[in-house]
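The letters A, B and C name the chains in turn, as written, and every chain counts its residues from 1.
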Amino acid sequence: MEIKIRTKNSPRRILYLYWRLYSQQLKAMMEYSADFYIMIGAAALTQITGFLFLWVVFSRIPDIQGWGLWEVAFMYAAIYMSEGVGSLFFEGTWRMLRLVNMGELDRYLVRPVPIVLQIFCTGIGMNGLGNILIGGSIIVMALSHIDIAWSLQTVLLAIILLLSAMTIRVAINLAANCFAFWIRSSGNAFPIMIHNLGEFAKYPITIFSQGMQLFISIIVPFAFVSFFPAAALFGKEPWSYWGWFSPLVAILFVGLALLILHIGLRRYESAGN
Amino acid sequence: MAGSFKKYFSLALCSMQNRLAYRLSFILNFIANFIGLIAMYCLWQAIYAGQDQLSLSGFTWSQMQAYLLVSFFVNSMLSYYSESSITSKIIDGSVMMDLLRPIQFQKARLAETLGSCVLEGLLSCILIGFAAIFTLGISLPHNAGTLLLFALSMVSSILVKFCIVYLSALLCFWTTSSFGIYWARTSITNLLSGALVPLAFFPGWLQSVAMLLPFQGIVNTPVTIGLGMTAGTAALELIAIQWIWIVLLWLLGKWMWSRAVRQITIHGG
Amino acid sequence: MSLIETRGLQKVFRQAVKDPGLAGAVKHLFTQRYKDKYAVEGIDLRIEEGETVAYVGPNGAGKSTTIKMLSGVLVPSGGEVLVNGLVPYKQRMENAQVIGAVFGQRTQLWWDIPVRESLSLLRDIYQVPADTFKRNMDIFTELLGMEAFLHLSARKLSLGQRMRADLAAALLHDPKIVYLDEPTIGLDVAVKHRIRDFIKEMNRSKGTTMMLTTHDLGDIEDLCERLVIIDQGQIIYDGKLQEVKDTFARERTIHTQLSIPIPGAEELFRDLPDVSVERPGIAGNDSRTKGATGAVCDQLTLSIRFDRFSCTASEIVKRLMSHGEVVDFRIDEPGIEQIIRRVYDGQLDSAALSAAGKGSA
C-alpha cells in the first residue's frame, strides 16, 4: 500500500501545527490563573529592578565609554525582550531536560511532526509576556530619548535586526538545552550558565577584554542580540556595520542548533534503563 | 536533645552528599553566578576608568572591587539549589513524606541548607581566591576584630536569607509552579539587600526604606562590616538588627507553616 | 519482504558505577567508572502483515528497548531494522505516519486538555481525513466505551479510562502497525477484557499488525498466536503459542473424587511411564488433614499426574474405575503462565525452547 499522505511538511502546515499545539497549551494554562499573573509580575519586577540599577548607576556618572543611560537601557531591554520571546513562544526548549530524563520524548518521536516543533510547544512561559511588555516599553522609551534620523531604511534595518536578534536568542536556548542529551545529571545548570552569558551583552562590549568580546560575538553570539543592533541603530563607530551580519548569524545558529539537536537525539536513551 | 540534634545533623550531611552527587550541576550553577560577577566587575572597572581618586557615593575603585567580591561570597551562600530543594518538595507533593516523619519541616530544611552552605562557602572561597589573584589592591578585613564581626554577621546573614527563602518557598503551597515566586523573591532581595549596587548609591528615601527591611541584613550588613565601613558598636547594632529579623521571620515561618499544612488537607493531599 | 524485519539488532547503554555513601560520592568525583549494559543483544525478528505477536520476558529483558527501536524512538547501537521498508530512526516522520504506539506507563494524550480535543489534535497531526476520523471515533467510542470520559482531561481519568483513550489515540489514523507496551498493566479484569476485545477486533477488521509486550499471560493466550520470548537481550523462543504448549505442557493432572478409598492406588499405574499419584490432603501440610474426619475425607481424593503423550486420560480413569466408583473428576493442563514462569526462573533449557521454536518455523 502506498502512503498517500505527504509527510514532508510545508511551511504553512508547520505554522498551522504550531498554532494548534500552542493554543492547546494556552488553554491548559488558563486553569492556573494565579501562576499566570505571578509569572508575568515576577518577570516585570525583575526587569524593573534591573532598570533601577542602571538608573542608580547613571545618576552618579554621565556615561560609560560614550554610552548614555538610554543607550545602555536599550541593550538591557533587548536582552530581556529576547528572553521573553523565548519564554512566551519557545518555552519548551527549557523543558528539554525533563523530556529527555523522563523519557517524554518517546511520544514526540512516534509522531509525524518535526521534533523541534513539538519541543517548542511543550510549555508556555507566561513570564515572557512580562518581559516583552516591560522590555518593549523600555525599548520604545529609549528610542524616543535617543536622537535617530528615522527613515524607511532605518525602520527596515530595525525590524531585520530585531527579528534576527530574537531568532539568535532562541537558537542559543535550543542549543544550550540540548546539553541534556549528554549530561543528564546536571539539572538545568548548563543552559542557565549559557543564559547568564547574556549578562555580558547588557553593556557595551567594549568594557570587556578582547577575548570576551570575541566569545560573545562568535561562540555564543549574544552580542548580536543587543550590542550590534544598538551600535547599528545608534551609529556607534566602528561597530555599526557588524549589525548587517545579524541575519546571517541567525541562519547559521539555527542550523547549528538543529544539528546539535539531531546529534543529541541519536544518543537519546528513553527512560527506565 | 542530643538525639534531636543528631537527626538534623544527619540531614545536613545527607544534603552535602547530595550536592556532591550533583557536583557538575553545582559547579556549573556556581560558574553561572560567577559570570554575573565578571560582568559587574568589568562594568565598574569601565566606570572608574582607572581613576584612583574617584569616589562614587563613598566608594573608591579598590573598595568597590572588595564590595563586589564580598557580596558575591555572601550571595553565593544558600544558592538556587537549596531554595529549589525546598520548593520542589512542596510543588511535587513529597512534603507529605516529611509529615510522616518525626522531624520539624522548618528545622529540617535549615539543617539541609546549612549543610549545602558549607560546600558553597568552600567553592566560593576558591573562586574568590582566584579572582583576588587577578585583581590587585582590594582591601579585605585585616584585623582580628573586624574578621570576627564579619564572620558573625556572615552567619547571621545566612540565617536571615534562609528565613526569607523559606517564607517565600511556603507560598508555593498556593501555586503550581515555583519559578514566579523565585524570580520575584530574587529580584527584590538583590535590589534591597545591596547585591546589585551598594545601598549608598540609592537616593536617600530608597536607602531609608531598604534599611527598615530585613533584606539589607543579607548583603549590606556583612559587606560593610567586612570592608570596615561599619565598625565597633555600629557593627554590633547591625548584627543585633539581623537577629531581631531572624527571630521574627522564624516565628512567622512557623505560623505560615501551620496555615500551609491546612492547605494540604483542604486539597486532600 | 516482511513488514518488520530486524537482523542482529543491538542496543547498548552506558551505566555509571557508584559506590554508596559520602565516601563513594567523593570517590566518584575523581574516578568515574562506567560499564556497558547490553539491553538488546542481537535480535533477529520477522513479523508479517496482520500478525499479532506477543513479546514477553522478565523485567529488564529488553522488551521495551526493542519496541522503542522498532518505533523509531531509540537509535540501535548495531544491526539492522526495517519496518514497512523504512529505517525507523532515519525516516522517522514517514515511519511515524504508519505506526501507532501505546506505552502503557506513559500517556500519549495531553495532560491538561479534554480527551476529545487531544484526539482532534492528533487528527491534525496525522492528517486523518474527516470521514475516517468520524468513522473511527464512532467505532472507538462504542467499542471502548469512551462516551463517559471524552470531555475530561487526561489528568482526571482513571487508569483504565486513560488506557482506553490512549488506545484510541494510537489507532486513530489507521496505522499498519501498532506497538503496545504493557497495554493492560494495572487494570481490572473488566477493562482488560474490553481492551483485548478491541485489539482483536482491530486486528480482524483492519488487518492491523500488533506487537505487544506484556506480563499478563491472559493477554497472550487471548490475543496472540505467535509468542516471542526474550531473556537477557536475546530471543530464546519464537514460535506458535500452541507449539510451546505442546512441548512444555505435556503434563496433565486428573483430580478425582472417589466413593471409597483405594489403598495402594500407586500400584495401579506401575506399568505406565511418567505417572505419579498424589494425595493432596495427606502429602501437603494442609491444616485440613489435622482432624480425624478430614483424614478420612482425604482418602477419597486422588490426583494423578501423567504425560499426555505416554498415556491417555481415559486409560487412567478406566483403571481407577475398575477399583471403585469415580464420583467426580477434572483435568488440569498447565497454562502458558507456568511455562513462562519456568523460563523466568531459569528452569527451562533455552536450547530445548529454541528447538521447539525451529520446529514450528
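The definition used in the following text is that a residue touches a chain if its C-beta (ideal position, glycine included) is under 8 Å from a C-beta of that chain, and two chains touch if they have at least 3 such contacts.
Just so you know, these numbers come straight off a predicted model, no measurement behind them.
J.: For the pairs A-C and A-B, output the one whose chains share more C-beta pairs in contact.
T.: By number of C-beta pairs in contact, A-B is the larger.
J.: Using C-alpha centroids, which chain lies at the maximum separation from subunit B?
T.: Ranked by distance of C-alpha centres from subunit B, the top chain is C.
J.: By CA centroids, point me to the most central chain in this structure.
T.: So the chain nearest the centre of the shown protein is A.
J.: Report the inter-centroid distance (CA atoms only) between subunit B and subunit C in whole Å.
T.: 55
J.: Need the CA-centroid distance for the pair subunit A / subunit C, whole Å please.
T.: 48
J.: Let me have the rounded angstrom distance from the C-alpha centre of subunit A over to the C-alpha centre of subunit B, please.
T.: 29
J.: Counting only residues that touch at least two other chains, what does the list for subunit A look like?
T.: In subunit A, no residue touches at least two other chains, as defined above.
J.: Would you please write down the residue numbers of subunit C that are in contact with two or more other chains?
T.: none
J.: Could you say which residues in subunit B touch two or more other chains, in rising order?
T.: 21
J.: Inside the complex, what are the residues of subunit A that reach subunit B?
T.: Its residues touching subunit B are 32, 34-35, 38-39, 41-43, 45-46, 48-50, 52-53, 56-57, 59-61, 64-65, 127, 183, 185-187, 189-190, 192-193, 195-197, 199-200, 202-203, 206-209, 212.
J.: So in the complex, which bits of subunit B are touching subunit A?
T.: Against subunit A, the touching part of subunit B is residues 21-22, 24-29, 31-33, 35-36, 38-39, 42-43, 45-47, 56-57, 81, 174-177, 179-184, 186-188, 190-191, 196-197, 201-203.
J.: Going by the contact rule set out above, which residues of subunit A touch subunit C in the complex?
T.: Answer in residue numbers: 1, 3, 5, 7-8, 16-17, 20-21, 24, 27-29, 31, 103-107, 109-114, 265-270, 272-273.
J.: Once bound in the complex, which stretches of subunit C touch subunit A?
T.: Answer in residue numbers: 13, 37, 39, 64-65, 68, 71-75, 89, 92-94, 96-101, 103, 105-108, 110-113, 117, 121, 124-127, 153, 176.
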